[in-house]
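There are two complexes below, and they share chain A, which is joined by chain B in the first and by chain C in the second.
Coming up: the complex of A and B.
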């Protein structure tokens, strides 16, 4: 290190000082590199968000907003029908998230700890559906679940069900589609965390007399908290805004916030109320992120 | 007013097809419209997906040397929002439904038509000079549809003649839970208003709210609000559905025992209409295109392609003889055009219509 500094004195800050042209250009390029994503973020994220927040305090005009300051939109969004839709959406996201975790956790656990040399293949199989369009994947469930469709045929052949299957356009179909669509992004973070838990910890737990259930509850589960938190974040946040799956598989019944916001913006051309509802969803997400940060408290220090 | 165009060649899996079209619309809306070549020798059309036959478009290109750029929307509301924003500047021809023409005109988004440049002679007089655009100042009828009911008479156990019959039949066991209604607020609230003897264009917010309880009560019988799916009607998953005549025809071709009715005392006629955007840059080309597509020979071919009737006089006699269920294309036998009314969007009531629709959809999922 010292030899290098001797050979190239200009690089040594003690000698070159602040006036070095080399450092100056480097700093300029750094700033440029930082400016591009910052600008991107500002134009495509902060600015629209600013509009949304400003609209949410404005007065609705058909197909426009008169800016101003009123809390009427929030009052409407938090009362009666729209409050119900908000609470229904939270229940929906919590249920969807829990179902996803319930399916993803054992799958990730198996792949991480028992799949051996087939691990990569198993992960690939989990990810393969992701190469197809989201809409196509959800729509294929329409065909599978339809009356007279393949699932009806299989269930009837196995004598698990008799007669025509009318599951399409129900909540059950919505949750089937939801779990299916979000499963890959639920499995991957759990897999990453579970795979990194050292086998020695599990051995130590067994040596100290813990049953495999006790080992799971007291060693593996607590250590996989960051994975659970990431999964909840990656599945729960989009579920709060879910719009397509309830529409395609649920017959558009039981209005959720995503649908309610879209109907305010598009059908009623009421941008002010739509914006207030969007801000509320955003706040719900912020609360969720704060709770998850609490759940994983302590992990940052350990990994650092 | 929310619907999918039906082509006679492919009338299966409408909802799926329209979703694919939606995908296409989403992609094409990403393209800045300003990127299209402006000036002479170009034409930018903003239309429903799949609303012109590829053959006739190719014929127009051959005649004029211009290949129209077509961007698509799947709802009038989206078209309105776009034309009403800076992103809507690049379009020459738009195809709003009857209900939205007044709003578009009031916001100065359409330009008055030069009647000396269009031949209205072949157009059906009963579709001209209607209340949504008196004197056809802004619009030329392209094609039209009616709101009706398609049903399985065995399941429903009788004939449906009125909207009251529709709601009564829907509550019967065997029919309840197998009903499709539209996602369009006016088409959900409208029938209840008509039963109450009200006009949907003059109904007040109080009138609209007054019919909400009975509709919310009916919601538990509804299976879906999604796009009309002929296969669901063929398989018996749906036995009673609101639909337009062309979508119903798609189902009737697959399941001949289905019956169609345009219920009384009133029902809807919508007319999708050509209009020229206020900021159109290729006005001459737009008139040229309109005159080509308004010629009767092209109108007949377009009708056979779309499954929706073009707005010309004596069209039914000109369709090729092997067109199946041809009468259904024109709203079915015995449809009384005097009892049909077009919804006109009114900013004072549209929010109330939509609130009721949302409440009905929420109640259906409870």
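Coming up: the complex of A and C.
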């Protein structure tokens, strides 16, 4: 999973695997520390996902699933309304993730390289939303974006907009919500890589005659690639299953996969079809991870 | 003005806008918890100031029960996350076998990126197939993996800064592995473990998507209750409840921060002696 690592040099297996005088007890504790979490996560995470995969090949009976092997569910999930929802979801995740990156990068850049001694505070401020209820924040966007709501008033006062604001229950509102919800988690990995770029590299680039823009494009941007990859991973991938934001801000048009899957389970009780759609989302994730791994290839070696 | 001189204020302005963007809904939810509303429903127009919703939220038995369920669920999830996540964070760095480390790292990260909707429906299916009735315990078990992964990543960062020579010195002086872990490693990891516990508690308390699939009418957490109340238009009382919880969370975080500050100071004075 090279796309995911933040490239800490101490991960070097040569350091981590060193022999010790008390090998036996040490080995016992090491195995225990690995086995307990692995077992727990296997039971409450991997096994359930396995059930989903198994059910996705099952036959849908009224309200139940007969196990077996059929691709009917996938055929259904990849046609008509559901295919549209799948493609729309991918489009939303890609766009939402790109927007998030565009907003987060300058923010992280400012915190890492310009905030000086206020760096910690600047980072903390960005994380405060995590300590409040996610749902209430999304509900507050409903208030903010509503016709006759606060944002309309502000925009009209600033003469940036005239008349009533028709944003709520549109795609735009969903994008605002997505960027909003994922922004903090997008900023952190970018901050981590940007903060680690040595000032000497930037100085060297200047001394060699590069303008600050050239330094940014040819030195800083390429070096922040692992952070960009991690950000894409932590924002774009979960967006593929986003449920609450499109339901609350997007109105009833343009259902996304998260909503489609959830309604198969909760309303239609068609577990087989719901499972097939969930597996499609997992496949889309696998493709995204593979692409990101390519993007950061070579970085693990460089930092070690 | 040259470009670099212009870049800095531009970035500062951008940062300020982002912070305003991030805080706008938080402020809104606090302000609108004092909104009079109309017909017991929240309105996007501020119709008047009142503090009655706080009393209404307190007297609403459903909200009170949901808050309590959330507190209990988040407490247990945080406890499991600390026990299991700390072990995982340690194993991520220190397990002697690099393949095991890679596998565990893969597991930890996959948890963070698999959409919660997929995790939620899978758990629902899992409990249905294994015929385990949904209860508070199944809810807690369902939300622990996420908390474990968050804690593990925080602890991992702490383990990476450990000075191995201290452990070797302890071992040379005759401590067994468990004594080394208990007396040397764990105290050094205390801030990371506490941060992990706090994050786990807050995230588990706030978990909505996985919980939506695992709650029943008798086991209802606050976010799930709020989500349900959206169907018939939420009362400003839910904003009041959320604001009260937010204040409590801030208090908790503030106390934890203060605690570590004091410990840090004491350590500094001890070392300077």
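Basically, the second predicted complex is superposed on the first by the 270 of 304 C-alpha atoms of A that agree within 3 Å, B and C clash if a C-alpha of one lies under 4 Å from a C-alpha of the other, contacts with A are read in each partner's own complex, and residues count from 1 in each chain.
As a working rule, contacts are C-beta pairs under 8 Å (C-beta built on N, C-alpha and C of every residue); 3 or more make two chains touch, one makes a residue touch a chain.
Predicted, not measured: the structure shown is a model, and the values here were computed from it.
A.B. asks: Could you look at A:171 and tell me whether it touches chain B, chain C, both or neither (first, second, both, neither)?
C.D. replies: After superposition on chain A, A:171 lies in contact with chain B alone.
A.B. asks: With the two structures laid over each other on chain A, which partner does A:267 touch: chain B (first), chain C (second), both, or neither?
C.D. replies: The first partner, chain B, only.
A.B. asks: Based on the superposed arrangement, let me know which partner A:251 touches: chain B (first), chain C (second), both, or neither?
C.D. replies: Once the two structures are laid over each other on A, A:251 reaches chain B alone.
A.B. asks: Is A:85 in contact with chain B, with chain C, with both, or with neither (first, second, both, neither)?
C.D. replies: It touches chain B, and chain C stays clear.
A.B. asks: Is A:48 in contact with chain B, with chain C, with both, or with neither (first, second, both, neither)?
C.D. replies: Second partner only, chain C.
A.B. asks: Hey, is it chain B or chain C that touches more of chain A?
C.D. replies: Of chain B and chain C, C contacts more residues of chain A.
A.B. asks: Determine, under the contact definition given at the top, whether A:275 touches first (chain B), second (chain C), both, or neither.
C.D. replies: Touch partner of A:275: chain C, not chain B.
A.B. asks: Answer with first, second, both or neither: which of chain B and chain C does A:114 touch in the superposed model?
C.D. replies: second
A.B. asks: Which partner does A:128 contact after superposing on A: first (chain B), second (chain C), both, neither?
C.D. replies: Only chain C is touched by A:128; chain B is not.
A.B. asks: For chain A, give the residues common to its interface with chain B and its interface with chain C.
C.D. replies: Touching chain B and chain C on chain A: residues 133, 135, 139, 142, 146-148, 248, 265-266.
A.B. asks: Considering the complex alone, what residue numbers of chain A touch chain C?
C.D. replies: Where chain A meets chain C, its residues are 1, 4-5, 8, 10-11, 13, 16-18, 20-22, 25-30, 32-34, 36-38, 40-41, 44-49, 51-52, 55, 103, 106-107, 109-111, 114-115, 122, 125-126, 128-144, 146-150, 180, 183-184, 211-213, 233-234, 237-244, 248, 257-258, 261-262, 265-266, 271, 274-275, 278, 281-282, 285, 289.
A.B. asks: What does chain C use to touch chain A in their complex?
C.D. replies: Residues 3-4, 7-8, 11-12, 14-15, 18-19, 21-26, 28-29, 32, 42, 44-45, 80, 84-85, 87-88, 90-91, 93-98, 100-107, 109, 111-126, 129, 141-142, 144-145, 148, 152, 160, 164, 168, 171-172, 176-178, 181, 202-203, 206, 208-209, 212-213, 222-223, 226-227, 230, 234, 238-239, 242, 245-246, 249-250, 253 of chain C touch chain A in their complex.
A.B. asks: Which bits of chain B are touching chain A when the two form their complex?
C.D. replies: Going through chain B, the ones touching chain A are 15-16, 19-20, 23, 75, 77-78, 80-81, 84, 103, 107, 177, 183, 185, 222-226, 231-232, 235-237, 347, 350-351, 354-355, 357-359, 361-362, 364-366.
A.B. asks: What does chain A use to touch chain B in their complex?
C.D. replies: Touching chain B from chain A are residues 62-64, 81, 84-85, 88, 133, 135, 139, 142, 146-148, 164, 166, 168-169, 171, 247-248, 250-255, 259-260, 263-270.
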